[in-house]
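Both complexes below contain chain A, partnered by chain B and then by chain C.
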Partner chain A sequence: MLTIDKRFINLLRWDLRFQARYGFYLLYVLLTVFYTLVLFAIPGSWKEKTAAMLIFSDPAAMGLFFMGAIVLLEKSQKVTSYFAITPMKAREYVWSKVLSLSAISLVVATILATVAGYTAIFPLLVGTFLASAIFTLCGIIVATKISSLNQFILATVPIEIIGFVPAILHIFGVTGSIADRLYPANVCMDMIMGDRPFAAGLLLTVALIALLLQVACRSVLKMWQEQGGVKL
Partner chain B sequence: MIQVNNLTFSYSKKPFIEGLSFEVKAGEIFGFLGPSGAGKSTVQKILLGMLPNYEGSAVVGSVECKKHGSNFYQNIGVDFEYSTMYEKLSARENLEFFSSLYRLRHRSIDELLMAVGLENDADKRVADFSKGMKSRLNFIKALVHDPKLLFLDEPTSGLDPTNSRLMKDMILEEKRRGKTILLTTHNMQDATELCDRVAFIVGGKLFALDSPHNLIMSKGAAKVTYTWIENGEQSASCDLTEMAGDKKLRNLIAENRLQSIHSSEPTLNDIFMEITGKTLV
Partner chain C sequence: MSAAQTGTLHIPKVRKKDMRAIQISFLHMLKFMKKDMMLLAAGLSPLLMGAAIRLGIPAIDKALRSFTGLSQILGPYYSLFDIFYSAITPSMFCFVAAMVMLEERDDHIDRYLFVTDLGKRGYYISRIVIPALVAFVISAVLLPIFRLAVSSFAMILFLSFSGTLQGIIIALLVVNISSNKLEGMALTKCASLMMLGAMGPYFIERPSSHILFFMPSYWTGLVITEGRAIYVLPTVLVSVIWIVILSCGKFRRYT
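Showing the complex of A and B:
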């Protein structure tokens, strides 16, 4: 359960501040301008699918890549050692990362969807948030177990394959079975495209997020405790 | 404040900490002394609730360490030997961030920065700080939430004599404010100066526990060493309490032939070596 209290609000505020300080927002301003130019440049009939792919593969999936950078930075500056001995709970840390990164995802996704002429913004926002949560949680889990950027890049390749490939095949209708519409990445892609997802698919996606959340919290706690050893 | 009874812990089948018992009273500075690998780090981890798989009992406040909740840390401040700061943030931002993680009272960040002479560097990025500045900042980071119990790990390491003095005065000031302080150091002079009691730990076992003064006095009397010229410079020494019975010394005094004379007490390091057979430095 997420306890929304003053500490969590502070944590979220500081995470947004760190992301601004470390240039995340500037980077996404530049990327959004670039993607917007791409969407303006392509034929109208391609816009919807191109925008969906852009939203799914970048703003929605950014947590997967950025969590590696964030956690490695915190490890290198030994901040994680300190987290182990503060009252902050692992679930507060995880939720703060998920919400702060999904905030960027939602803003960028809304801009790109508007440029592409989407009208179903609400499902797009839900789909983007769910995808962002899945990828950020996967990013956290992997990042807690690695010690270099190279290790992180290698470790995220399988996640990229199982996350992106089915969703991209799904968008082009390469596969079309009902099972495809239950796959969480495809559920998110459906919603990003403005489609109503299968209820069972949505349920599975939420269940996956709940499972990833548990694993992420345990991984963060373990990382803090392992990092938190005092060398005397 | 801390009660440890028959504490046993192992990373493998062989016990690493064995039957450790000690008590740290509220308001005292308790020194933990031992060579690397002695088990100090492990005991500290246990007391900080990070190693729950121990046997025996380790109670901090009134909480058994293996059963603590996250509020356990509201009243604990830890000054690690290494910097634990966001390097791109300023000193003030780091202190604001870490204090925001605690629900309880917060101390004035400006006053803390001033106390360690960092008031003019408050808005500078930590990445631009020297090692000594980072040490001082690390120390006050442990104080921002005004904890009752402080764990200090080599707090004067890397500091010049002036800042080392400043840091020691601040530690004593925190004791005067009623804090209980568990200090881990290799610096015997610091331990002698700061600690009410010290524990010698080697191989996961406690070898001695007493005030530095009692340890020094119980294990070795002060010595008097004197020199004179007789076919070159000669020297001899005797216990301070037996000076009057030292014939040679008495003769040299009577003949005004003493070149030098001085007394010296054994240091805490001497006592540590004598008791444990190991050296700290």
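Showing the complex of A and C:
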């Protein structure tokens, strides 16, 4: 058990270093400065909703945007071939990706929320983490099945539409039925806005994450087992 | 045979060979994109985005006006939507090409192409300049159909041209500063902010807005909001400076 924990921590540390080396932190410093300027420039009444949209569509969804490039780079560097022959579990690989990307999301979300004058930071952090987990897991599932960046970008468009459009409409109250508050993207958005979500909605969101986690682990394992056209 | 005669005989032959290599390289990229379905997506999305802007924005504006009772909400910004639309098509074409270039770099294909007849210059022409020219033509054809505010032929040509220059800058930024596809994706996010400079003249008072002077789109916005042709000059000048700096970086990187 202790060995597995140490392995996971090493993996997580490696992922964090990997993201730092390829400029993720620098990028999000720049984007956070830019978003902060935007939040300062807009009228006070718009700040909260704008910050919620920015948090949900960027730091929370960064896994969906970057996962294709991360996995493809690992494939081209043959890192996934080494993973296939180590004792590492697919679940550890997936959790490491989710947690390392969520860390950036949570820091950026906290800064933007503070600038926008949010008081309910805890629900915001939970909502951002849940949204980040959903988007990162979707990103991993798609990334394991593609062979080029353009394929990844195209394949994630439907996920972006399903994820973003209802949540943004939900902010503006365009949709208002109880069913809307059960939709996982809307649950995350409610929490990012500092509202208390429906318990059933929260349960449904956690169930969705558990399901996506299973699918992501299977997809990663399949990707590891099919290296260079050879099935291990 | 004199040297001059030799030169006149040789130069067209070499150029023809180069052009053939560039043409093959471009067609190769199209095949690659076709395999990924990106060609279809890149072809359809300007039409879909144009239809969404042409039909969607006035409808949203009308709904917002009746909802709030205000006389104008989005109306004053229709020309801003035109600027964005004219930049989105070239940026998307150049972005798709940049993604192909990043793939080729990570797979070490580009350096093999450099030592063929194509060369570095030919490679960049086939991957960035030709897609940008195609995007310029498409933008110039579609903008009159889907425009919301700009009406003059000269303005449509200018917007298409400045959008194309921005597309080239975004592609060069992504390809030349990043060393792999992951850094490329990160840079794409940053580079796409270049388009937002057009919002400066609409939302920031002068002279504070001049802080965005380094963004070509800022000057494009000024051409539209101020209605003065003199701002065409800085639009082109700032774009050319970006392209020259990034192009120099490109050649340093591979030598």
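As a working rule, the second predicted complex is superposed on the first by the 223 of 232 C-alpha atoms of A that agree within 3 Å, B and C clash if a C-alpha of one lies under 4 Å from a C-alpha of the other, contacts with A are read in each partner's own complex, and residues count from 1 in each chain.
In this section, a residue touches a chain if its C-beta (ideal position, glycine included) is under 8 Å from a C-beta of that chain, and two chains touch if they have at least 3 such contacts.
Please read all numbers here as calculations on a predicted model, not as lab measurements.
J.: A:I121 contacts which: chain B (first), chain C (second), both, neither?
T.: neither
J.: Given the touch rule stated above, what does A:F65 touch, chain B (first), chain C (second), both, or neither?
T.: In the superposition, A:F65 touches chain C alone.
J.: Quick check on the superposed pair: does A:Q225 touch chain B, chain C, both, or neither? Answer first, second, both or neither.
T.: After superposing on A, A:Q225 lies in contact with chain B but is clear of chain C.
J.: Which partner chains sit in contact with A:Y22 here, chain B, chain C, both or neither? Use first/second/both/neither.
T.: both
J.: Looking at A:L11, would you say it contacts chain B, chain C, both, or neither? Reply first, second, both or neither.
T.: The answer is first: A:L11 touches chain B but not chain C.
J.: Where does A:L30 make contact in the superposed view: on chain B (first), on chain C (second), on both, or on neither?
T.: Only chain C is touched by A:L30; chain B is not.
J.: I'd like to know which partner A:A210 touches here: chain B for first, chain C for second, both or neither.
T.: It touches nothing on chain B or chain C.
J.: Report for A:I162: first if it touches chain B alone, second if chain C alone, otherwise both or neither.
T.: After superposing on A, A:I162 lies clear of both chain B and chain C.
J.: For A:S81, select first, second, both or neither according to whether it touches chain B, chain C, the two together, or no partner.
T.: first
J.: Need the overlap of the two footprints on chain A, from chain B and from chain C, as residue ranges.
T.: 22
J.: Residue numbers of chain B touching chain A in their complex, please.
T.: Listed in rising order, the residues are 32, 36, 40-41, 44-45, 48, 50, 70-74, 76, 78, 80-89, 97-98, 100-103, 141, 151, 153-154, 184.
J.: What part of chain A is in contact with chain C in the complex they form?
T.: 22-24, 27, 30-31, 34, 41, 65-66, 68-70, 72-73, 76, 148-151, 153-154
J.: What residues of chain A sit close enough to touch chain B in their complex?
T.: Touching chain B: residues 6-7, 10-11, 14, 18, 21-22, 77-79, 81-82, 84-89, 225, 228-232 of chain A.
J.: Which bits of chain C are touching chain A when the two form their complex?
T.: 32-33, 36-38, 41, 96, 99-100, 102-103, 106-107, 180-187, 189-190, 193, 203-204
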